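Shown below is the structure under consideration.
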Amino acid sequence: MKRLALLTSGGDAPGMNAAIRAIVLAGHYFGLDVIGYRHGFNGLLEQEYQTLMPSDVNNIIQRGGTILKSARCKAFTTEEGARQAADNLQQAGVDTLIIIGGDGSFRGAVHLSNFWSGSIIGLPGTIDNDINGTDATIGYYTAIDTALESIDKVRDTADAFERIFLIEVMGRHAGFIGLSAAVCSGAEQVLLPELYPNSQPDVEELVGHIQKAQQIRGKCSYIMVISENLWPGGATDLANQINARTGIDCRPVILGHVQRGGSPVSLDRMLASKLGAYAVEAALKGRTGIMIGECNQRMVEVPFEQTWNKPKELDPYLVRIQQEVFDLVKNSA
Amino acid sequence: MKRLALLTSGGDAPGMNAAIRAIVLAGHYFGLDVIGYRHGFNGLLEQEYQTLMPSDVNNIIQRGGTILKSARCKAFTTEEGARQAADNLQQAGVDTLIIIGGDGSFRGAVHLSNFWSGSIIGLPGTIDNDINGTDATIGYYTAIDTALESIDKVRDTADAFERIFLIEVMGRHAGFIGLSAAVCSGAEQVLLPELYPNSQPDVEELVGHIQKAQQIRGKCSYIMVISENLWPGGATDLANQINARTGIDCRPVILGHVQRGGSPVSLDRMLASKLGAYAVEAALKGRTGIMIGECNQRMVEVPFEQTWNKPKELDPYLVRIQQEVFDLVKNSA
Amino acid sequence: MKRLALLTSGGDAPGMNAAIRAIVLAGHYFGLDVIGYRHGFNGLLEQEYQTLMPSDVNNIIQRGGTILKSARCKAFTTEEGARQAADNLQQAGVDTLIIIGGDGSFRGAVHLSNFWSGSIIGLPGTIDNDINGTDATIGYYTAIDTALESIDKVRDTADAFERIFLIEVMGRHAGFIGLSAAVCSGAEQVLLPELYPNSQPDVEELVGHIQKAQQIRGKCSYIMVISENLWPGGATDLANQINARTGIDCRPVILGHVQRGGSPVSLDRMLASKLGAYAVEAALKGRTGIMIGECNQRMVEVPFEQTWNKPKELDPYLVRIQQEVFDLVKNSA
Amino acid sequence: MKRLALLTSGGDAPGMNAAIRAIVLAGHYFGLDVIGYRHGFNGLLEQEYQTLMPSDVNNIIQRGGTILKSARCKAFTTEEGARQAADNLQQAGVDTLIIIGGDGSFRGAVHLSNFWSGSIIGLPGTIDNDINGTDATIGYYTAIDTALESIDKVRDTADAFERIFLIEVMGRHAGFIGLSAAVCSGAEQVLLPELYPNSQPDVEELVGHIQKAQQIRGKCSYIMVISENLWPGGATDLANQINARTGIDCRPVILGHVQRGGSPVSLDRMLASKLGAYAVEAALKGRTGIMIGECNQRMVEVPFEQTWNKPKELDPYLVRIQQEVFDLVKNSA
């Protein structure tokens, strides 16, 4: 093994730069040549890459985004695209490719492996935490804190006006950010995709909960956290429906892309540093077709297919205490 | 003068608690009795008030929201409402009323003064900075920083993906938050109500600017800040129009109520502390019908009518450099 | 079981209020009476307590410090003190006592259990993370982020001046905060108690490392993180010695008590919420003499003695990569 | 005028990068060539400079530190040094030099002007705000907020333990940061150089104030803010003296270099943007020997000598309310 390449792909996540730094430093520590492709798989197709020296990753551990840029790449998903990528890797003398991204990126990795014999290793980089085989994904911790800081601020104004807010958070099709943000902000209600696998929240029930809460506490602030992609039309539509049916003034706040950026919090930097270093060590041992994760405080190697073959489970205890013990209405029953 | 009352009214703003603290401490320093009405003018109508001792305002200088709560109050705007409020103030032995709020609250103050002979003094409390007679309003500085922190985060992801974001900020009908947030974030474009007094931004022109920017810099991130209430349908609609007409992928982010909350930054605490203390001193001198402001680093007394009689002007130099000197396209011409 | 009491003891930690909230809500959920003693064990001796209703813990999840106050209490460590406490608990009708604190507080719990037959349950609340039987302690995550934010800022100025800074972080006699802060800030050097069990850092070696780093990178910023209590005289003295011996300008920064405060980050709120709820459930099952911890994402019950009987181990992989892979000098060898 | 050079000198301050960006963009807007010297006046002596294009200042507005680096430079203060600098400027074809720094840097500018006939313009860049002719200096606003955030955190732990903290803030020989931080944090006591022009705080008096505060409020937190360079031995020594004389447990916290770094807050970015653009415009008008400042919301041109010829005054109203109206002891008298 002589030449290590890396790229970031899919939605960006805070901590990707920390992972890049770790890979570059580890690569050089073990005497490898390191290059970085830009713009995800696009860079692979267009041979857009740069040498990465330790000095190139100086002072990036704290930066959001990714210095290698990211992108979606449709061309790569074809056989022709993957063959082109394989040729380019060979031509560039690359024998190991590390991909930082989500499950879409890992599917891309498997696709590429049909046409390229080099070693491919993945790191879980996504704010959504929807990847099996690792307790957390790079970027998830920062996203929760970002969402939480915003909800704390909304709480200030909700309290001042004793108002109802419906706050939409990210998570793609998973409720990790939603659940964490709800528990941590002391939200009065939380709507997660995992709680409605084949159904939808019932507006009457939601309204009923708000009304009971107001009976118990008097007029008061009430915060409902909702995951994106759960309600057709999103938080704005659901807030309108609640308003329309009851005259309750419920305001939507959509946190949006703010959740993807920012300087990574310490846990994301730490996770990214460990996964990045370990990925290089795994490559040196000849591993391929795996994602590096951290489970129960240990580095683990997970075949790509296992990272997406079933939905990752929310912490059942956290769900239970949020839905039962901390529920304002059930608590006062 | 023996009994001082205060209330917070209208939209809440970070620093209102710092103002409450300053008024309470100054009141006691000068030997007055201090009470606080809750829920804005509603509290006045419903005689909902509490004594405020120095210990009640301990450790609130750093809290967002308002410990006295705020609310809109329609009933107060009638003659009957104001008469009731006047009766209640008399009955409670109040001779001075300090109102922290925006121009709507000051109109309420003038309305009340037709029926009550006590002294009424206003403090400018709103994130929008749309009140004449003071360089800044309480809450404005925090709102800019909150908007800016969010835009900085969006920039991370915009840069990683070389994407275009349209970010809607608050400001009611004024562009103060929008202009400041745009200058401070290095935004590529800014759309403010003051720049379109009788017209609307032209979608073709906006698209043209984006395209020229991409010619100059190559594909790159591009951030457009837009004030709320400027475009019918808001940022979401405008982003859709830009997308539809050109295929450019432009994403909307609506910062929303997050901008109203949070621990006040130092300048809001400082302004609130000075204005609050000075309001009590002005009341002791028998002043009434005025707002206390700070202009050019001096405390000033401004008749209520002057606070709303014309639109407050943006800093023309700041507008000019943002629109000319810092404009990516003009800069490279 | 009818009456549940709780107290916070020892050094305060962000998230203690989140734990208090969880215990109070869970207590009421299960139909218990809940009271809180103030000022740690002092409140137990002086019968200083208050009833805690759900409304009392409204909106405290995000506050630093502890609404129940904390304190050290010498009197309690005597037999007489513990007997008095036991009498008071009996008189107050308490059958379960939950103590949030560090290992000193748990020793106090064991001491009390010799004189009182009620159920005693502990929650690990300390920024130092030096308690066995739980992956993290309440407050630890916030402390790392606080330290990290400060070090990131020092890095800005270190970079601008290409200067050497020696930054002292907390941790009592453990290197958890130091190691995490060093990895996450990309520190060039870290000095932890676990690395010097029976010795001391050698000033010549430290100077040698700085000089080699400067040979490799040219003049540049260099950040050395040191745990408190490691070097006699602390960071100030060590910086002086480095300066004196070499003429290198090395500046000390002692982060100090700033690390104990602040709004808890999401992970501390989540941990505190889970541990607090679980503690009440464990009490209902008749458990006593245990600390509730979280290991590998599961709630665990740990006999008090096991929490302090040996030093808690640092993550060996994290130590290794920081000391080897990320070491600037070894990396470039 | 064809070639514009700039440099940052003296202590770094958040917002210097925003100023660099503004100067570079304005320079190009007006058709000038722009270069940047590195490491302050050292770069001038060693001809260490780089061309600065708009793309070089992309995305730096939010970064702390200075991309041009800063340094102290003794060699420059000699006649020989200044002559060398003048020669180098001539050789590089520079006709205007913009210096971002404090009064030491402005003295350097005047020194240089004795040997070089080009135009020299200064921008006030220092966290200390100790420069006449401008209401605020670049970096000051961020430094207050940084100090304040730390003090807010210390307040959490001070409150939990009802403890006394002595917090040392920066400011060189001026009390701007100290006064602002004290007012904004609701500090119980503040010690500023301006309050002790020819004397020193009296330890007995300080102790007396603490004791009276505790009589009034019961045991409680107490925060004393002290400016650096005021007490020989600093906060640590003063805390020791208070402890020694009374047995009161008073803990020192020295905020230190943390105050110099961090992403600049909005007001620093705005000030830097305006001053930077205006400096280029002033240069184009042939101005020299002046600092650009902002007074009462207008850009002003101030001869260098006037920036340091007398101590800048604290806001007397702010001093008075902090020392009188908000004084816990006087307030309750």
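Labels for the chains are A, B, C and D, by order of writing; each one numbers its residues from 1.
Going forward, a residue touches a chain if its C-beta (ideal position, glycine included) is under 8 Å from a C-beta of that chain, and two chains touch if they have at least 3 such contacts.
Note that the coordinates shown come from a computational prediction; the quantities given were computed from them, not determined experimentally.
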If I average the CA coordinates per chain, which chain comes out farthest from subunit A? D
With centres defined as the mean C-alpha position, give me the subunit C-subunit D separation in Å. 34
For the pair subunit A and subunit D, the C-alpha centroid-to-centroid distance in angstrom is 40
Where in subunit C do residues touch two or more other chains at once? 152, 155, 159
Contact pairs between chains, per stated definition: A-B, A-C, B-D, C-D
Can you tell me which positions in subunit B touch subunit D when the two form their complex? 21-22, 25-26, 28-29, 54-55, 58-59, 61-62, 135, 141, 144-145, 148, 152, 155, 159, 180-181, 183-186, 217, 263, 265-267, 269-270, 273-274, 277-278, 296-297, 299, 315, 317-318, 321, 324-326, 328, 330-332
In their shared complex, at which residues does subunit D touch subunit C? 8, 12, 14, 16, 63-66, 69-71, 146, 150, 152-157, 159-162, 165, 251-262
